[in-house]
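This is the structure I have questions about; it appears just below.
For reference, chains read A, B, C, D and E in written order, and residue numbers begin at 1 within each chain.
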Amino acid sequence: MKFVTDIKNTRQEEKQQTTKVYETKDLNLWYGNTHALKNVNFPIYEQEVTAIIGPSGCGKSTFLKTLNRMVELVPSVHTSGTIEYRGENILAPDFMVEDLRTKVGMVFQKPNPFPKSIYDNIAYGPRIHGIKDRKILDEIVETSLRGAAIWNEVKDRLKENAYGMSGGQQQRLCIARALAIEPDVILMDEPTSALDPKSTLKVEELIQELKKDFSIVIVTHNMQQAARISDRTAFMLNGELIEYDYTDDIFQHPKDERTEDYITGRFG
Amino acid sequence: MIENNKESTSTVRVKSMIEQNRQRQSFRAVSEKAVPTVLLVIALISILTTIGIVFVLITETFEFFNRVSLVEFFTGTVLRPLSQDPKFGILPLINGTIISSAIAMFVAGPIGMMTAIYLSEYASDKARRVLKPVLELLAGIPTIVYGFFAFTFVTPFLRQFIPEMSATNILAPGLVMGVMIIPMIASLSEDAMSSVPNAMREGALALGSTKLEVTFKVIIPAAFSGIVAAFVLGISRAVGETMIVAIASGSSKNFTFDITQSMQTMTAYVVEVAGGDASPGSTIYYSLYAVAMTLFMFTLLMNILARYIARRFREEY
Amino acid sequence: DDTSSGAESNGDSGSETEELSGSVAVDGSGTVYPLMARIAEEYMLTEEENVSVEVARSGTSAGFKKFLVEDGTDFNDASRHIKEEEQQMADDLGIEVKELKVALDGLTFVLHPDNDWATELTEQDVIDIFKADSDIVNWSDINPDFPDEKINTYGPNENHGTYEFFYETILEEQDLKADVNLQQDYSTLVTLVSEDVNGIGFFGFGYYVNNQDQLGAVNVNFGDGPVEPSLDTIAEDGAYAPFTRPVFTYLNVGMAKEKPQVKDYAVYLMEHINTFAGETGFAPLPDEEVQAMVDELKGL
Amino acid sequence: MTTHIQSEKVRNRMKRRVALNKGLSGVFLLATMFGVFVLAVLFYQILTEGMPYINLDFLTGKLSTMPERAGIMGAILGTLWLMAVVIPVTIVLGVGTAIYNELYAKEGKLQNIIQTNISNLSGVPSIVYGILGMTIFASLLKLGSVVLAGGLTMSLLVLPIVIVSSQEALRAVPSYLSEASIGLGATKWQTIKNIILPAALPGILTGAILALSRAIGETAPLVVLGIPALLLPFPGGLFDRFTVLPMQIYYWTLDASLVAEYQFLASATIIVLLAMLFILNGTAIVIRNKFQRRY
Amino acid sequence: MKFVTDIKNTRQEEKQQTTKVYETKDLNLWYGNTHALKNVNFPIYEQEVTAIIGPSGCGKSTFLKTLNRMVELVPSVHTSGTIEYRGENILAPDFMVEDLRTKVGMVFQKPNPFPKSIYDNIAYGPRIHGIKDRKILDEIVETSLRGAAIWNEVKDRLKENAYGMSGGQQQRLCIARALAIEPDVILMDEPTSALDPKSTLKVEELIQELKKDFSIVIVTHNMQQAARISDRTAFMLNGELIEYDYTDDIFQHPKDERTEDYITGRFG
């Protein structure tokens, strides 16, 4: 398939060399009685982009939100199995979620800046962690916005409300906001689905850039996107992880019939 | 299709029946025109009510100021409407009104706000489903019942701790009024807070915030205009509340800041004078309108202010 | 007792009209209210079921304002005589007013039940406590043994005949202190005094006897030693005479002539006034005096 | 990038932040329970005082100066008569206005004025309505303090509540229902009558009942109107003088120092009033649940 | 393309033989300042299924709703040009819309039965048009439900609330409701988009059946559906009617490049 870029092929050789950030074992998750994740075993590797694809309702977002335990905002949720983040089981009852979420940033489908100034959006995270020094904050804001490739567009309007920005800018602002607390992993749930093609391109480029410093997990309904930007791809169906491999392999030689059916557009 | 025959036979019939009926139904056209007119007239009754209120208040207030100077009314600290040498200073009433409302807000503000925070940010669905109706119950209790409660329970209770407190005082009704207003502040603030999109909460939580930080750094700022409007409406309600103060604060027209003493509010004055059967034509009768007018203007301004705040300072998201 | 009095008056008025109906409007004195309401209720229960006697209590003065207008009230209860200007107004309107003396009341000075120092005061002490420019501010100003606490004073407001009686007859039209706590409702006054150890208030004897468990009364020394207000001492020539006053109801004679139920009620009222005076805290009038009024009314 | 976040300091601070969150969430819960607590005290106080006085004689008896004889049938009937005026008047005026505002009025000045006006009216203190009623219904129209005057005054007072809740109910009817009707060639009024009103009815009724319970609990406007607590005959029509339960409570509370037992009679009357309100609100809840939207 | 069925090819010969029900000339429509329809010229033929396709927001629904003037429920709408229905300009100011809507039935995207019994749903139309006779109503209800191929499923529960039915049944009920006043034309706005594949099939079959008696205009975002069931297809883009022809022609030999781009999935 032509949309898998050449650069990717070079990666075939690196197989299994990177360390794992996450190790998910036998993860099951229920919303009340709905069994939304079924025996998911899913390692996530450092400094890679891991894409999760699958038809609507298959559990992509649910899995992603389990990685920073945001899924618990739904009160009826309960889980079994373990998710180890850097060796620690984050599903343990005494695990401090605030700590986890400080290390694992998240970017949502719809850009969700706070109704504050651009500056305050970025400074929000550092501030709750006790950073008050204006100089340091200024520095963090600039670094983060640069990191999210949006500094030049907004540097003259840092005091303006974030809702004055375009959707694509808002999304990059949200990425910058996540960067500001220097996470280890960034989770992204269909970060470009609400954006126009141009903004999508910008965000995709940004993701490629960020990979150098962060591990990225991205949910997307757009197979081309997964193919374009990810190192590994997971295909989920009905709450199960059907297949998980290097992106090139998944798209070129899917092992499971269902994966193939999905990729070739026979359902979903 | 077998059904088809049947259908086509009836086709002719139903179509023509509709056609026939249509020609007969001029009534339909008339009602179609008449209904909006009738409804408009009904809708205008609300305007008529306002005009009625304003007209009644203004004309009689005008007569009052023919007899008592504006300056005396608005700057006088002595209110002795019945004495041989009557004095009509409204300041004792305004003072009483402000003090009782301030006490009420002192209770209802923080407790209402904390209740709103709890219900909107912390409570489980189940807890909310139980607590909200209970609070609504609190809001639905007639004020006369609160007045009775303030007079027969709260005052005697407080006097155990403040023996020098008068049997009729502004503190007890103020506190009880606060309790009455809690649901209003809580539910309006909760509305404002829960209408902040969940995406905002998620965004903040995902950055490692605690719920408390989400609430105070994101949700409350985003819902601020709604919350302020809730407070303003709460004040307006306190200012307009009548029976609680009328029963529990007596009718002394003291100009004092001692909340253990009896004071009169504007509303309680109206109740006293109207209930004491002021005879039409007397100055004291007209004073009723002047006080009511002041009250009306005050609450009207508060309501306009609340709406202005809610609209003008809405955070954009 | 009730039935016998009912039968008796039935015989009297039954000759005029068979079945009376309509209403009788009574307003005025709050002091006299308990007595008048009690009789009205008795009348409606045992005498004329279809007549509704409506007794309100705006206070003597406020009541007169509603009595002395066209289509005003039928009776106005009063804890003082009608004033000249009120009489003048009646004349102007062509309203013929008949004064009916109904009972005697003693202006009673009441205290907190725990107040055991001021239970006996001289007439002058009482006056000075309320008078504007007197030296008595604290209890200790009366007697150094008394507490050194400010005296809090209470009384009915200017709507009330009781106020005017106190102001005109006892204070002889000297001003009251500015801080006297004047109230519209007697019940409020009772509460206020019953909960203020340093309080002293005044109102009709009836309100005191009904609240004896919550209030103490001042035995006033008019010169011959302290006199306790009671149904025995309250009399025009009794020991409590200086603070004793007659209470009245004023009848609109025109109304009585026009509406049979008004006249019927007036007669009933006077025939039974002495029966109920005592139980509502008033001293009864001599029977002859009452009978004379009954006869007069019947002759209208 | 220099790291500012992942330090030991941040970790320690996080423990404090989490603890603070937990502590304050307890405070918020306590604040919420405060209202519940006051409600419990209030009910306890009133029930213990009033319950012994509730019996058939009390409920069906006439008013009396003697507490042992006193009954509140007159006030109950007065309250029912008041409802008999308020219900039709507010339903006709309130729902009519709501239909006009929601379904007929074109966006514009007039609509704006009416709408603003209604929300202003809902903020006017009840006592001002009392003055309006006293001046217009009682004095100007010479009705006196009769059922009709009281009922009309109360109707105006609660009208904004009915209008606003009816408007909300009408707005909540999904537009696809009216589109379906209009698509079948129904006229606007036919659509309103046959589709929108029936669908909005539960919401309208709920609002109307809540307004009604406000109307029967209000006291201040009636005090101003001069509704007495007299030994009146039972009201039998719109032009009869009357008293209502809250007025009875008011006068008995005031007279408690004249006759101590009146305080208990007031408590007993409060129980009756609250029972009526519970029944009304219960009905509203039943309606809301029973006719919950099925579309 | 395989999804164009063979039956259709036989129609090539009938070209231009049917009469026009609608003749739209130079129709322009604005929502306030939004120019939503631009110079649309669009004839609609009797006893045919006319499909309208195009990307989201291109004006499909707007055009459809203009045909029975339902679009006027949006107060800011104004139009220019003419739409002749059976020779009469329905945009003329004195035209009686209720009359038009009686003859031109409409079925909406989301099934929208009234919250009444099944029987009352069907009887609603006849009743507002003055038919009160219970016997006639009974007959109409049965005929209409049979016509919408749902009679057998509901004949025993006519008194039950329509919201107890499945989505697909509800949609056929709505079609039956439209049939009950015996319209001339039936407009359908994505009638199957809220339905599962099985129900979709049923409704599609029904449409084929109804064509015998009615003229049908159907908006769909599903090109396969258009190809399957319609005789002619119109492709709209940005408020313009780009191409309008026999369905086979549109799908097999689109004349306009944009049509081809759209059909081959290059945008939308």
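In the analysis below, a contact is a pair of C-beta atoms (placed from the backbone, for glycine too) under 8 Å apart; a residue touches a chain by one contact, two chains touch by 3 or more.
Protein identities per chain, from UniProt: A, E = Phosphate import ATP-binding protein PstB; B = Phosphate transport system permease protein; D = Phosphate transport system permease protein PstA.
What you see is a predicted model, and the numbers here were worked out from it, not measured in a lab.
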{"item": "Chains touching both subunit A and subunit D, listed by label", "value": "B"}
{"item": "Subunit B to subunit D, fewest steps along touching chains", "value": "1"}
{"item": "Chain pair, A-B or C-D, that carries the greater number of C-beta contacts", "value": "A-B"}
{"item": "Most remote chain, CA-based centroid, reference being subunit D", "value": "A"}
{"item": "Computed distance of Cα centres, subunit E from subunit D, in Å", "value": "48"}
{"item": "Gap in Å, rounded to a whole number, between the CA centres of subunit D and subunit C", "value": "41"}
{"item": "Where subunit B and subunit E are represented by their mean Cα positions, the distance between them in whole Å", "value": "50"}
{"item": "Residues of subunit B touching at least two other chains", "value": "208, 210, 213, 275, 277"}
{"item": "Residue list for subunit C, restricted to those that touch at least two other chains", "value": "56, 185, 188, 191, 194"}
{"item": "Subunit D, residues touching no fewer than two other chains", "value": "14, 17-18, 187, 190, 254, 256"}
{"item": "In contact (per the touch rule at the top): chain pairs", "value": "A-B, A-D, B-C, B-D, B-E, C-D, D-E"}
{"item": "Subunit C residues within the subunit B interface of the complex", "value": "27, 56, 58-59, 62-63, 65-66, 69, 157-159, 181-185, 188, 191-192, 194-196"}
{"item": "Contact footprint of subunit A on subunit D as seen in their complex", "value": "1-6, 9-11, 13-15, 17-18"}
{"item": "Of subunit B, residues touching subunit A in the complex", "value": "124-125, 197, 199-210, 213, 217-218, 221-222, 315-317"}
{"item": "Complex contacts: residues of subunit D adjacent to subunit E", "value": "106-107, 174-177, 179-187, 190, 194-195, 198-199, 293-295"}
{"item": "Residues on subunit E engaged by subunit B in the complex (per definition of touch)", "value": "99, 102, 126, 129-131, 136, 139-140, 143, 146-147, 180-182, 209, 212-213"}
